[in-house]
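Here it is: the structure, laid out below.
Order of writing sets the chain letters: A, B and C. Residues in each chain are counted from 1.
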Amino acid sequence: MILVLASEAVLFVLAVAGILAERPLPLAATGGVLAALALLLRFSPKLRGALVGAFTAHRTGALAGAAVFAVLLPFALRASPYWTFVATLALLYVTIGQGLNFQIGTAGLINLAGAAFAGLGGYTVGLLTVTGGWPAWLALPLGPVVAVAVGASLFVPILKTRGHYLALVTIAFVFIFNILMNNFEFTGGPQGIKNIPTLQVFGYAFTTRLTLFGVALPAHANFYFAALVVAGLTTAVIRRLHDSWLGLALNTLRDDEIAAKCSGVSITRAKLTAFSVGNFFIGLGGAFYALMVGFISPPDFDFGYSLIMLSVIIIGGVDSIPGVVLGACLLLPLPERFRFLHEYRLLLYGVVILVMLLYRPQGLWPAAVRRYR
Amino acid sequence: MTLLETRGLTVRFGGLVALDGVDLEVAEGETVGVIGPNGSGKTTLFNTLTGLYAPAAGAIAFRGRDLVGIEPHLIARLGIARTFQASRLCLGLSVFDNVLIGMHARRRTGLLDAVVRRPRLRAEIHEAIARASHFLGLFNADLVARGWERVGQLPQIDRRRVEICRALASVPQLLLLDEPSAGMNPEETAELMKDLQIVREEMPGLSIVIIEHDMFVIEGVSRRVAAFNYGRKIAEGPFAAVAAHEEVREAYLGKEGVRA
Amino acid sequence: MPPIELLLQQAWNGLMLGAMYALIAVGFTLFFGVLDVIHFSHGDIFMLGAFAGLSVLAGLAAVGLAQPLVLLALAFVAAIVITGAVGVAAERACVKPLARSSPLMTLLATLSLGLVIREAVLIFYPRGADPKPFPRLLPSGGFEMGGVLIRYDNLIILAIGFAAMVAVDRIIKGTRMGAAIRAVAQDPEAAQMMGVNLGRTVDATFFLGSGLAAVAGILTGLYYSEVHFIMGITGGVIGFSAAAIGGLGNVYGAILGGLLFGVLQTTAAALIPRGSEFRDVVAFAVVMLFLVVRPSGILGEKSVERV
């Protein structure tokens, strides 16, 4: 157990140091330590074995430890509202990623319109609050509901068609969505929707600066903690659905639809369920984003973002629930950290995906055998 | 008691007649062998029975119910299970997973249980794994020990067994086996025959229809044999009678071969 | 209801657009036939062809060459060669290694490859984010026929497009490589047993498809007088849809699908209010509708899964 907590602590410290270090020397030192650790793990099977053993034996403890460190993160980042924001964004991508992974990884449904479903969530929230005058907390759950409804109505006929057609249809949809949002008056056109009110729960506005345990945190920390709860719940729900009859049926129909059919699986129902569950969480991420940032516009939800969501899944590991968490935590902060790479961000994402697919298609944290815990 | 009956079953693919007016009956508890050269319609028959192909004409009655037009997953739930010529297992999933999917239709817990009332799901899965272990253990105790390994790591003969267990797991009344001995050497084929014997003993009321090219297997397991050629049933009866049937010999050996 | 002349005009425009779509669609359908892959980056190859043509033209103009005919000819040849080579390199590096694994992997790989090509052009081409003007090399003016204005430049574009299609037909039906491509599309193993070199045939197919896309790219540049680094996305989606409409694996279906798509898109844009803004929406909506109604295409898709 000590090994588990110690390694998590080391990772935490290194991550924070890597994020906050401004001057070259501390930055290089952090990088050096990370590289050294990576090499150590690579070439010492004993160490790897010990770590894997420790983490498997103390699974709940490891999760609890990770949760504690996740809660501690805003405290470590309290000097930087920007990085608190980035961390929150990573958590939103965890939520979205789990939904998308359920569709693509678990069920084999190639949904390239992730950005559109996130956009449906975001625009629903924006329209309900700004145009409709709804309070934010009421509009928030409706975002995912709209995403699910639109997804279901559009794709009920399409779900019966083969994989590459679904991909094509979803690409078409994300473009249609983008163009429509850009050209309709009521969605604000290219300007989008501004002044989305922030989340207010029982009179507490999420834009107030938070003070916990005597430590002053940036306002974004409110959203961070909320996003942490959402991401945590999403991951738990998805994992439970994955390790159930539904997940088994989806994996089977992904690998061999005919075998699934002849084993009694209703393909349409299973696919529709997976699609809807996925869209719910994708829409939830988008809705949350709208509340957090306060304004949305069509470029926030274009095809490029679908590809970013995709890369999160591929890097972590297709159909791998911990992989999504890893993918989001790696992919979101890194380009922010290395600002000079920002222009090359999408190019790098593309190259990384290609390299992963060619040399490690199972991802950095491959999906494990289902154990139904 | 007749379990399955087809009358005038005809299947066409464009201009090709894959099944031509096939009448076949299978009684409860009996094992019927199906033989015939490649392309004679044997697998097409299975695919039509399980609802993957729609017949152009004819009827299929299973326990009195008309099967034509019913979707494959519903036919499976009615009690027809099958294996495939090129085995269709999910190689990346565990052995248990591959058997459990056969029990999918009989589950009683739902999504709510999976997410909120987890202990109920775990209990049902636990029970399902116990049943899967029972079936697997009938053939090879090793399979149970390796239950959580990915099926892709098993040897071919064990994979066949897993596929049979998947079919048995749905507690079918009719089991369709499509060339289970395909790709096996004589030793493995002998093992397979023992496996089929085990299936017989485990589920005495089960009706089995088995497509085979290996006459040794057919002779050993089936009471009755139906021979196909060009989509038509050309002979039916005990193995010896069918094997000696002139048209059957012609189908396999050609007109010259019969005279020889 | 707009006057009949306007509709005919739009149909004529649609035919030209359709010819360009058809050339892209043929690539998609060839790749599907030969490797059973949906090559999602083919649209961006088309864009690359346009930019390759643009660069060559800019280079030649800088050297002082001004003869439109010579410029065009050189641009086409150079673009075909460059784009063809890139297409083959991409196939060797990214597509073929994954063709044996699940279709999901190939799809993701080709999507990412497209992204890489797109971003590379954006980043490395000077001021790549802006639309780039394409030189007007075709004669202006036109003539009227039955109330429809037929411009010389459009006529030439259509002629080149058709010439390319005829060339494809000749290559597929009349050369040994064409026969090899058809053989591999039908049954790769049997083809190999007949002595067909699978690797070289696949390379040739990708060169051919990518070269066609380059022709389409330059034609598009001539037609709109500009190119933009994102033109590959729309071009790719439409090209793929056209190929799907015609039946994946069927070259003539792809041509038919492309022409159909072009005509449909322009006439629909004429009939719907604010149609030109929503032109792409119409295109994509038609795609979606078609895939619902008849997913295996007009002329039928190549393969059927064996049970």
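Operating definition for what follows: a residue touches a chain if its C-beta (ideal position, glycine included) is under 8 Å from a C-beta of that chain, and two chains touch if they have at least 3 such contacts.
Bear in mind the structure is a predicted one, so any value in this text is a computation, not a measurement.
*Asks:* If I average the CA coordinates per chain, which chain comes out farthest from subunit C?
*Replies:* It is B whose centre lies farthest from that of subunit C.
*Asks:* Comparing chain centres built from Cα atoms against the global Cα centre, which chain wins on proximity?
*Replies:* A
*Asks:* Taking each chain's centre as the mean position of its Cα atoms, how many Å separate subunit A from subunit C?
*Replies:* Their C-alpha centroids are separated by 35 Å.
*Asks:* Between subunit A and subunit B, what's the gap in Å when you average each chain's C-alpha atoms?
*Replies:* Inter-chain centre distance comes to 43 Å.
*Asks:* Determine the centre-to-centre distance between subunit B and subunit C, using the mean Cα coordinates as centres, and give it in whole Å.
*Replies:* Taking the mean C-alpha position of each chain, the two centres sit 47 Å apart.
*Asks:* Would you give the residues of subunit A that are in contact with at least 2 other chains, written as numbers and ranges?
*Replies:* Residues 258 of subunit A each touch two or more of the other chains.
*Asks:* For subunit C, jot down the residues that touch at least 2 other chains.
*Replies:* As it turns out, subunit C has residues touching two or more other chains at 307.
*Asks:* Can you list the subunit B residues in contact with two or more other chains?
*Replies:* Those would be 52, 84.
*Asks:* Give the list of subunit A residues in touch with subunit C in this complex.
*Replies:* 104, 108, 110, 112, 154, 157-158, 161-165, 167-169, 171-173, 175-176, 179-180, 183, 258, 303, 307, 310-311, 314, 318, 343-344, 346-347, 349-351, 353-354, 357-358, 361
*Asks:* List the residues on subunit C that touch subunit A in their complex, please.
*Replies:* So the residues of subunit C touching subunit A come out as 38, 40, 94, 97-98, 101, 103-105, 107-109, 111-116, 119-120, 123, 233-234, 237, 240-241, 244, 274, 277-278, 280-281, 284-285, 287-288, 291-292, 295, 305, 307.
*Asks:* Which positions of subunit B touch subunit A when the two form their complex?
*Replies:* For subunit B paired with subunit A, touching residues are 50, 52, 71-73, 76-77, 81-82, 84, 88-94, 97, 100-102, 104-105, 107, 109, 111, 114-115, 118, 121-122, 125, 148-150, 166, 170.
*Asks:* Quick one: in the complex, what on subunit A touches subunit B?
*Replies:* Touch residues, subunit A against subunit B: 237, 240-241, 243-246, 248-249, 251-252, 255-256, 258-267, 273, 369-373.
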